[in-house]
Amino acid sequence: MDAHAAQHALAATPAFSSRPEDLAWFILLLPLIASASIAAGVRRSTFLSATLSIGAVVAAFVLSIALFLPFGLGGYVAVPSTFSWIHAGDLNVDLGVAVDRLSVLMLLIVTGVSSLVQIYSTAYLKGDSGYGRYFGSISLFTFAMLGIVLADNLVMMFVFWELVGVSSYLLIGFWFEKPSAADAAKKAFLTNRLGDFGFLLGILMVWSATGSVQFAGIANALALHPAALGSLASIAGLLIFCGAMGKSAQFPLHVWLPDAMEGPTPVSALIHAATMVAAGVYMLCRAYVIFQIPGAWPAPLGFLSGISALDIIAAIGGFTALLAALMAVQQDDIKRILAYSTLSQLGYMVMAVGCGGPAAAMYHLTTHAGFKALLFLGAGAVIHACHHEQNIWRMGGLWRRLPVTFRTFAIGTAALAGLPILTSGFYSKDAILVSALDGGHPVLFGLGVLVAAFTPFYMLRLVIVAFFGPARSDAASHAHEAPAAMTWPLIALAVPSVAVAWLGLGDFLSAHFDPHFHAHEGGGIFGPFNHAPLAAMFGTGALLFGATAAFGVYWGVAKDPLPAQLGCLSRAMRDRFYFDELYEAVFVPLHDMIGRLCGAIDRWVFSGLIIRGVHGSVELFGRGLRLVQTGNLQTYTFLFAAGVAVVVLLATI
Amino acid sequence: MPEFTDLLFYAFAGLTLLCGFLCVANPLSRNPVTSAMFLVLTIISMAGLFVLLHAFFLAAVQVLVYAGAVMVLFLFVIMLLNIKEEERRKMNIAAVGVGAVAVATLAGILVRALWHATPLATTATVEGSTRTLGRILFTRYLLPFEVLSVLLLVAMVGVILLSRKELK
Amino acid sequence: MTPGLHHYLIVSALLFSLGVFGVVSRRSLLVIYMSLELMLNAANLALVAFSQFNNNLDGQVMVFFIITVAAAEVAVGLALIVALYRKRRSAHVEDLTSLKY
Amino acid sequence: MSLSTLLLTPFVGALLLLLVPGNYRVIHRFIALVTTAVTALEALRLFAAFQPGIAGIQFEQSSAWVPAAGFSFHLGVDGLNIGLVLMASLVAFAATCVSWDIERQPKLFYFLLLLMTGGAIGAFVSLDLFFLYFFNELALVPTFLMMGIWGRGENRNYATFQITLYLTLGALIGLSGLALLYSQSGANTLDWVVLKAWLAENPLSAHSQRLILPLLLIGFGTLVGLFPFHSWAAPGYAAAPTATAMMHAGVLKKVGLYILLRVAVPFLPEALHHWMYPLAILALGNILFCGWVALRQRDVLLLLGNSSLAHMGFCFLGLAASGVIGVTGVVLIMVAHGLLAALSFGLAGHLVRATGTADIDRMGGLLKTMPFVGTALIMALLAGCGLPGFANFPGELTVMFGAWKTLPVFVIAAAWGGLLIGGVYMLRAIRDLLHGPVRAELPQGDDAGCWRRVPFLTLLAALIFFGVNPASLVDRITPAAAAVAGVPPVSAPTAGSEPAGHVAVTSSPNHR
Amino acid sequence: MNYSLLSLEILVTLLGVAVLLGDLWIPSSARRLLGYVAATGIGILLTYAVGTAAPPDGTAFGGMFVVDALSNYFKGFFLLSALVVVLLTIGSSESISGYAEYCALILFATVGMLFAASANDFVLMFVALELITVTFFILVSYSRNRSGSLEAGVKYLIMGALASGFMVFGIALIFGSAGTTQFYEIAARQTELGRSPVFLIGLLLTLVGLGFKIAAVPFQMWAPDVYQGAPATTTAFLATGSKAAGFALLLRVAFSAVPDITAHWSRLILGLGVVTLLYGSLCAIPQRSVKRLMGYSSIANAGYLLLGVAAVSLNGSTAVLTYLGGYIFTVLAGFAVIAVVTAQSNSDDVSAFAGLGQRSPLLATGLTVSLVSLAGIPPLAGFFGKFLLLKSIAAHAGSERLYLVALLAACVGVVISLYYYFGVVRAMFWPRTVADLTPIPVDGPTRLALGICLIGVLYLGVFPNALVQGAKQAAAGLVPQTAIAAQPVHAVHH
C-alpha cells in the first residue's frame, strides 16, 4: 500500500487506537486537515474556519495529554511506524514518528500554546479581512511544527523544518500589503533557508557516513563506530547546527527575529516564543548523538583540534544570549523587547546544549514556551488596548486599567527573570547554569550570570515604564481590558509559568538523555539550592542586582535616562549593534553585484557577443559570399575554369 | 630525316594553333568577323590533321559541316545583328591576366598528363572511310544516333520558337 | 621526329586551352561561342588521334556525334543570342547582369 | 488501452480539427480540450496500471518500420518515462485549457498544439531512439509558428528564430551522436532494447564512448539549456504564447534529458565518468549562473525562464553523478519541473494578460486583486525554490543524495546554494508582484474564474501529490534507474586527489 | 536484342511527337487539351514504369543501355517530375506562347533523362546529357517577353556548353586511355587505368560536366541566376529532373565504372560536398527572391548529396537515392506554390508571399511543408534522407576526423538553411496586417499536382520503408562486378 493511501486510512481510524504511534499520526494530521479544508473553501466563513482550526488543535492537545500520561506514569517504548517515502538505492527515507519523552513533551507545548494562541486570536483579529486565511496558515504552521517534533529521521525533520519556515513566512507576512510586513516575512524565510543550507549538507554527511537518516539508525551506527564520520565529525555537527542557528535565531543569523514582529502579535507568541524558534534547540537535542562523538577536523582546520563542535555551539549560544540581552535593554517597542529577550533566552538554551546539558536546554525550552507566550499575548493585549501603540514610552499606568493583563504579565516577567522557588523560570535557568558549571565552562557560566542580571533589568524596565507611572498618550489613558477570549488564555498560560516547576520535568528529561539517570534524592522545590548551591546563589544574586538596577533607573522617569549616560553605546544597543546595516551594506550588495555581473555576462557575452555575434557574422559572411555571383558570365566562366584546375590539381596530387 | 607527312603534321599543327590563337585572342582585331574567319581556318587546318590521321570522312565532314555550315551560320548572325568590334571598353587586364594564369595551369596539367600518353595498339590499320564508319554507326552506336535525332528535332523546334515573333 | 600520339594530343590540349581562354577572356557572346566550338574541335582532334593510334574506329564515330551535337547547340545558341540581342540590343556579357547576387 | 492509442489520440484530434471548417471556434476548442483530456486520462490509467518494482519495459508494442535501415516503431514504458508521459499529458491538457484567449486563427493554434502534444508524448513512449528524435523534432515547426503568430513582445521575431535555430543545431548534433552510436556499436539499430542487450555483450570501446558522449551532451544538452548553451531559453519563453511556453518549458525541454538518461547513462558509462567533472561544473553554471541572472530580471517571464534553467542544472548534476539515486532524482525533477514550469508559465501568462505587462516593477499587491492566481503563483514560486510538499523537493533532495557520493563537496554545496539564490529571487518576485500595496494604475485584471482554475488546480494537485507521496513515482522509477545505472562507473581515482570528505565517505564501514 | 527494354523511352518520344503534331489540329483556344493529353500519357507511363509491367532487367546495344533497379528507380521519378511540371503548366497554357512545344520539349527532356538513367556508356551518357541540356536551353529562355528569362537562357547556354566542352574532352581522354567507353569494361580494368594520368584527367573532366549538372561547387555559378530567371515550371523541372539525372549518372560513373578510384577520391568529394552545402546555405541567407533562394538551396542540397557519395558505401548510395526521392517530391511541391504565386503577383519576392497563410491556406501549407521538408525536419520526406546521409557519414566519423567535421558542417548547414527557409514561412504566416488579402485561386491541375507532391512528402516522411527498400535495391545494383568496400579503399597508388 502506498504511503498516501496509508495516511488517509490512518486518518480514518478511530482516535483511540491502542498504538501510541497511531495516536501520534492522528495528532499530526488533525491540524493539516483543518488547514486543508480551510484552504479548500471553508475560509469564507470566519466562524467555521476558527472553529475548525481551534477544534483540531484542541483535540490534538487532548490527544497529546493522552499520549503524555503513560510516560508520566512510568513510560513505555513506542515502536516507530513508517511509510515509504523515497527508496532508491542506498537512500531510504521513510515517514515515521518517534514517540518518546522528548517528542511527547514537545507535543504538549506545541498543541497547548497553539490552542491558547488560536483562542486568543479569535478576539485579536476580529474583523480582519484575512481571518480565514489566518487560521488556515496557523493550522498549517501547527502541522509543520508537530511534524518536526514527531520526525524520526533527519530528512523528515528537514521537510517539516522547511514547512515551518514557509508557514511562518505566511504568518509574518499576514498583512502582506504592508511593505514592512512583506519585507520581514521575506527576510525571515531567507535567513532560515541560509541555516537550512548547512543543515542539509550536515544530513548528507551523516547519511553517507552512517548509511541512515533515521535518528535510531544513526545512533546505532555511531555507537558501533564512533569515528564513522572521520575527520568531518565536527564539521558535520556544525553544519547541522546551522539549521538550528537559523530557526533559533542564533548569532549571526539572529537578524530576522526582531523584524518578524511585523506579524500579528499572537503569531509572535506562537512562533517566536514557543514553537518555531524552539525547534532549533529541539533539533539539537534530538540529534544530540551526533554532537556527542569525539570531535575531529580535516587537515586544513587542524588548529582547531581539541575544540569540539559542542564548544563552538556553546560559545555561539552564550554570545547570542549576551548580545540580545544588551540589545533588549534599549528597545522601546514592547514586542521588540520581548523579541530580543527571546533571542537571549534561546542563546541560553543553545549554550546549555553546547555545555552538554540538553536536558537543561529542553527544560528551559519548556518553561520559556509558557511564560514567553504569556508575555507576548500580554503584550498583544496591551497593544490591542492601546490601539496598536507599541512604544512603551507612550503607555503608562496600565496596571490599573488592564488588571488581568498586568497580573499575568507580571507573573510572566517574574518567570522570565527567574524568581526563585515561585516560578518555573528559575529552575530551568538554574539547570542551565549548572550544566555550564558541570560542563567545565566557567566563562560561559559567568556569561550566563551576566545575562541573568540583564534579564530582570530590561523586563522590569518594560513593566515599570508601560504599566506604572502616568499615561503618556491618549491611547494609553483610554485603554480598557481585552475581551475574555484574550484574557483567559493569559490566565491559562500563567499557571504553568508558576506550576511547571513542581512537576519534576528536569528529571523527566534527564531520563531521556541518560538511561541510567536517577533522580537526585531530596529534589523538591529547594532542590537547586541543595545540589548546586553556587549556581542557584549566583542566579538569585543576578536577579536581585538586575531588578534593583531597573527600579533605580526607571521608577518614575518620563524618558529613558540611559542614552544620556551611555552615549553611543546606548545608540549601538538600540540599533542592534548595526548587524542589519552591516548585512545590508555588505552581503546584499555583494550578492546583487554578482547577480548584476552574471546578468551582464549573460546579456552581453552569451546572448550578445556569442549568439548575436555568430548570427551576425554568419549573415555577414553570406552577404559577402554571394557577391561572388556577380551576374557576369565572365566571372562565372573564369571561376569555372579555375575550379576545374583546382579540382584536377587536388585530385591528382 | 623527317618525312614529308611529319612536316605536314607540324605545319598543320602550327597553323591550327596559330589560327586558334588568333581566333580567341587576336591582338590586332577584336572584330567577331575576324575571329570567325580564323576559326574557319583553324577548322580547315584541323581537317588536314584528320587526313594525316587517316580520318578521311571526318576531314570532309569537318570542312563541310563546320566550315561550310556552322561557321556560315555564325557569320550570318554577325551580319544580321550587325555586330561590330567589341566596343573598346577598358580591358580588364587583371581579369584577363588571372584568367590566363588559370588557363595556363589547366594547359600545364593537361600537357603534363598527355605527354606520356601511349597508344594502346602498335600498328595502325584503321581507315576512317565512309563505309567502315557507317557500319559502326548503325550497329553499335545506333542508340546514340537515334537519341541525336531527337536532339536535332529539339534543336529545330527550339530555333523556330526562339526566333519567331512574339505571338500572344 | 615522327609525330606520335602525344604530339597530336598536345596540339589538342593546347587548342582546348585556347578555347577555354577565349571563353574566359572574350566578352562578345558570339566570340565566346566560337571559343566553345574550338574546345569541341580540340576534343575531336584528340578522338581522331586516339582512334588512329589505338586502332579503334569508335573514336571517329564519337567525333561524328560531337559535330552533330555542336551543330544543334550552335543552332539553338545562336537563335537564343539573336533573341537576346533583339531584346537588349547587345550581345555583350557585361550587359547580361540583371540576375546577380 | 495501449500506448499506441495514447500516442494516436492527439493526432486523431488534430485530424478531426482539420475537418471542421474555420469559423466554428467553439468546436475547435472543444475538440482540443476533449482530446487532451482523453489523453490525460489515458495516461493516468496507464500510470496506475504500471507495475512498480519491475525493471523491464511494460505495455510494449513493436512493429517494423524501416527494416532496411534497422528501425522499428517500438513503444514501451519503464520507470524512466512513465512519469514523464503522465506529466506531458497533464501539461498538454492544462496548456489547452489556458488557451481560451486565443482570438486569431484558433483552429491553426489548436492544431499545432495537438501536434506538439503528440510529438512530446511520442518522444517519451518511443523506445527506438530514432523515433525519440523524430517525435521531438515534430514539435519544432509548431513552436516556430506558434511563437511567430501568437507570440508577444518586441523581441518575438529574434527570439523565435533563436529558439528554432539553436534547438535544431542542438538536436542535429545530438542526432550525429546517435548516428555515431548506430555505426560504432555495430548493432545496426537504434532500438533501445536491442541496443541495450547488444551493448551488454559488446560494450563500446572507451574511444567510441568519448567520441559519442560530447556530441550527445552538447547536442541534447542544448535542448535542455545546458550552460553555456542556454541563452535561447529565457527570451524564447518570454516571447512564446502561454500554451507554447508551458509545453516547451514543461515537456519538450525534458526530451533532451530523457535521451541522455536513456543513452548516456547505460551505454556510455565510462565516458560519462570521464566527463563527470566538466558536466558537474556546467551544471553548476546552470544552477548558479542562471540563478544569478534570474535575480536581475525584472520581467516575470524572463525570471521564470531563467529559474527553469537553473532547475535543469540539478538534472545535469544528477546525470553527472549517475548511479541509481542520481538517476531516480533526475527523473523525479523532470516530472516535477515539467508540472511546475507549466504551472508557473500558465499563471504568469494569466497575470500578464490580465495586467497587460510583464514588468515586475509595474505590478504589486496582486494577491489582493487576484487571490486565486496570486495564491497559486506563490505556491508555484515557492515550489520553485525547493519547498517540501511539492514534487520538486524530493527530486532535488534525491539528486543531492546521489551526487554526494560521487561529486566533490564543494559542488554539492554550491548546488544547494543555488536553491538559496532561487529562494532570493522567488521571494523577491512574490514580494514585488503579489505583496505590497495594490497598484492603482494597473488594470483591474480578473482573477481566474471557476473553469479557468481547472488547469492550475490540475497541475497543483499533481505537484502536491508527487511532493507528498514521491514513493508513487520513486517505486516506479528505481528499478529502471537501477537497470540503466546498474553498470558501476570505473572506481573513483585514488584518494590523494580527492577532497577529504570523499575519503571519509568511501571508507565508511557502515556504508550500506 | 530486346527492344522492349527501350519501350519507355520510345513511348515518351512518341508522346512528345504526338503533342507537337496535335498542335496542328487543335484550335488555339483548346490548347490546354494538349497539356491534359501529355499529363495523362505520362501518368499512364508512370504507372507502367513503377508497376509490375516495368521492363525486366537487362542490357541492350552491347551493354551501352542498361535497365536495372537503379534506372527504374530514377525513371519513376523523372516521369513523376515531368507529370507534375506538365500539370503545373496547364493552368497557364493560355499565356504561354507555343504551349504545345513547351509540353513536347518537357517530354523530350524527359527522354534525355530516361536515357541518362540507363546509360552505361560514356557516349550514350554524353548524348543523353546533351539532349537534356539543349532542351533546357530552350525551356529556360521560354518566357521571351521577360528579359530575365533570356538572360538566364544565355547564361545556361554558355555555362552548359563550357561544361559540355570539358566533358567531351574528358570522354575523349577516357576513350583514348581505356580504348572503350563502356562502364563495365572500364570497371574491369580500373586498377590498371587508375595508374594512367590520362585516364584520371579524363575522368575528372567528365565529372566536371556532371558537377555542372548537379550544381556542385565550383561549378555552381549558373544555378542561382538560371533558377531565378527561368519560368517557375522550368525551374521546377531543372531542380528535380535535371539534377536527378546528374546524380544518376554520377552514381553510375562513380560506382559502376570506377568504384576504386571514387574511394580514393572520397575525401575530395567530401570536401567539395561540405564546401558546396555551406556555400549554398550561406549565400541563400540574404535572398529576397524565392526562386533564387531555391537556386542556392539546390546548391546546398547538392552538397548534402555529395556527402552521401563520399561515404562510398552501400548505405551512402542508398541515402543519396532516398534523399533524392524525397527531394523531388519536396521541391516540386515548393515550385507548384511558387509558380502559382509568381504568376499571380508577377514577382517572386518574399513580399509577394506575405500573408499567404490567410490568402490561400492550401498554398501556404504546401510551401511550408516543402520548405520544412527541405530543411530536413520530421515527419516529412526530407528528414529521413538527411538522416540516412548523416548516418552514412557517421560510419566513417569514428575513424576519420574529416568525416566528423563534415558531419558537424552538415548540421551547421541544416541550421543555416532553416534560417532562410523559415524566413519564407515567417513571411507567409506572421504578418498580422497584410495589405492584400484577396484569395489566390488555384486551378484543378495545380491542385492535383500539389496534392500528389504533398501526399508524397508526408507519406515518404512517415512511411519511408518502400522508398528506402527501393533505394537500397537500386544502390545494390550499382556494382554488379565489384563489391563496394565499406571503408574508403586506397586502391590507387601512384
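To keep things simple, chains are lettered A, B, C, D and E as they appear, and every chain counts its residues starting from 1.
We take it that a residue touches a chain if its C-beta (ideal position, glycine included) is under 8 Å from a C-beta of that chain, and two chains touch if they have at least 3 such contacts.
Since this is a predicted model, take the numbers as computed values, not measurements.
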item: Count of contact steps on the shortest path from chain A to chain B; value: 1
item: By mean Cα position, the chain sitting nearest the middle; value: D
item: C-E compared against B-C, more contacting pairs; value: B-C
item: Chain located farthest away, centre of chain A as origin (C-alpha); value: B
item: Separation of mean Cα positions, chain D and chain C [Å, integer]; value: 64
item: Inter-chain centre distance, chain A versus chain C - centres from mean C-alpha coordinates, in Å; value: 96
item: Centre-to-centre distance between chain E and chain A (centres being mean Cα positions), rounded to whole Å; value: 76
item: Rounded Å distance between chain A and chain D, as computed from the means of their C-alpha atoms; value: 35
item: Multi-partner residues of chain B (at least 2 other chains); value: 95, 99, 102-103, 106, 109-110, 113-114, 116-117, 120, 140-141, 144, 148, 151, 154-155, 158, 162
item: Sites on chain C at which at least two other chains make contact; value: 5, 9, 12, 16, 19-20, 23-25, 27, 32-33, 44, 49, 54, 56, 58, 61, 65, 69, 72-73, 76, 80-81, 83, 94, 96, 98-100
item: Shared interface positions of chain D, touching two or more other chains; value: none
item: Chains that touch, pairwise; value: A-B, A-C, A-D, A-E, B-C, B-E, C-E, D-E
item: Chain A partner contacts - residues on chain E that touch it in the complex; value: 154-155, 158-159, 162-163, 166, 197, 200-201, 204-205, 208, 211-212, 217-219, 221-222, 224-225, 265, 268, 271-272, 279, 281-287, 416
item: Residue numbers on chain C that touch chain E, as the complex places them; value: 5, 9, 12, 16, 19-20, 23, 29, 32-33, 36, 39-40, 42-44, 46-47, 49-50, 54, 56, 58-59, 61-62, 65-66, 69, 72-73, 76-77, 80-81, 83-84, 87-88, 96, 98-100
item: Touching residues (chain side chain E, partner chain C) in the complex; value: 123, 126-127, 130, 134, 137-138, 141, 144, 147-148, 150-155, 157-158, 161-162, 164-166, 168-169, 171-173, 175-176, 179-181, 224-225, 228-229, 292
item: Chain E residues touching chain D - in the complex, by the definition given at the top; value: 318, 357, 368, 372, 377-379, 383-384, 387-388, 390-391, 393-395, 397-398, 404, 407-408, 410-412, 414-415, 418-419, 422, 425-426, 429-430, 432, 463-465, 468-469, 472
item: Interface residues, chain B side, partner chain C - complex; value: 2-3, 6, 9-10, 13, 16-17, 20-21, 23-25, 32, 35-36, 39, 42-43, 46, 49-50, 53-55, 57-58, 61-62, 65-66, 69-70, 73-74, 77-78, 80-81, 83, 86-87, 89, 95-96, 99-100, 102-104, 106-107, 110-111, 114-121, 123-126, 128, 132-133, 136-137, 140-141, 144-145, 148, 151-152, 154-156, 158-159, 162-163
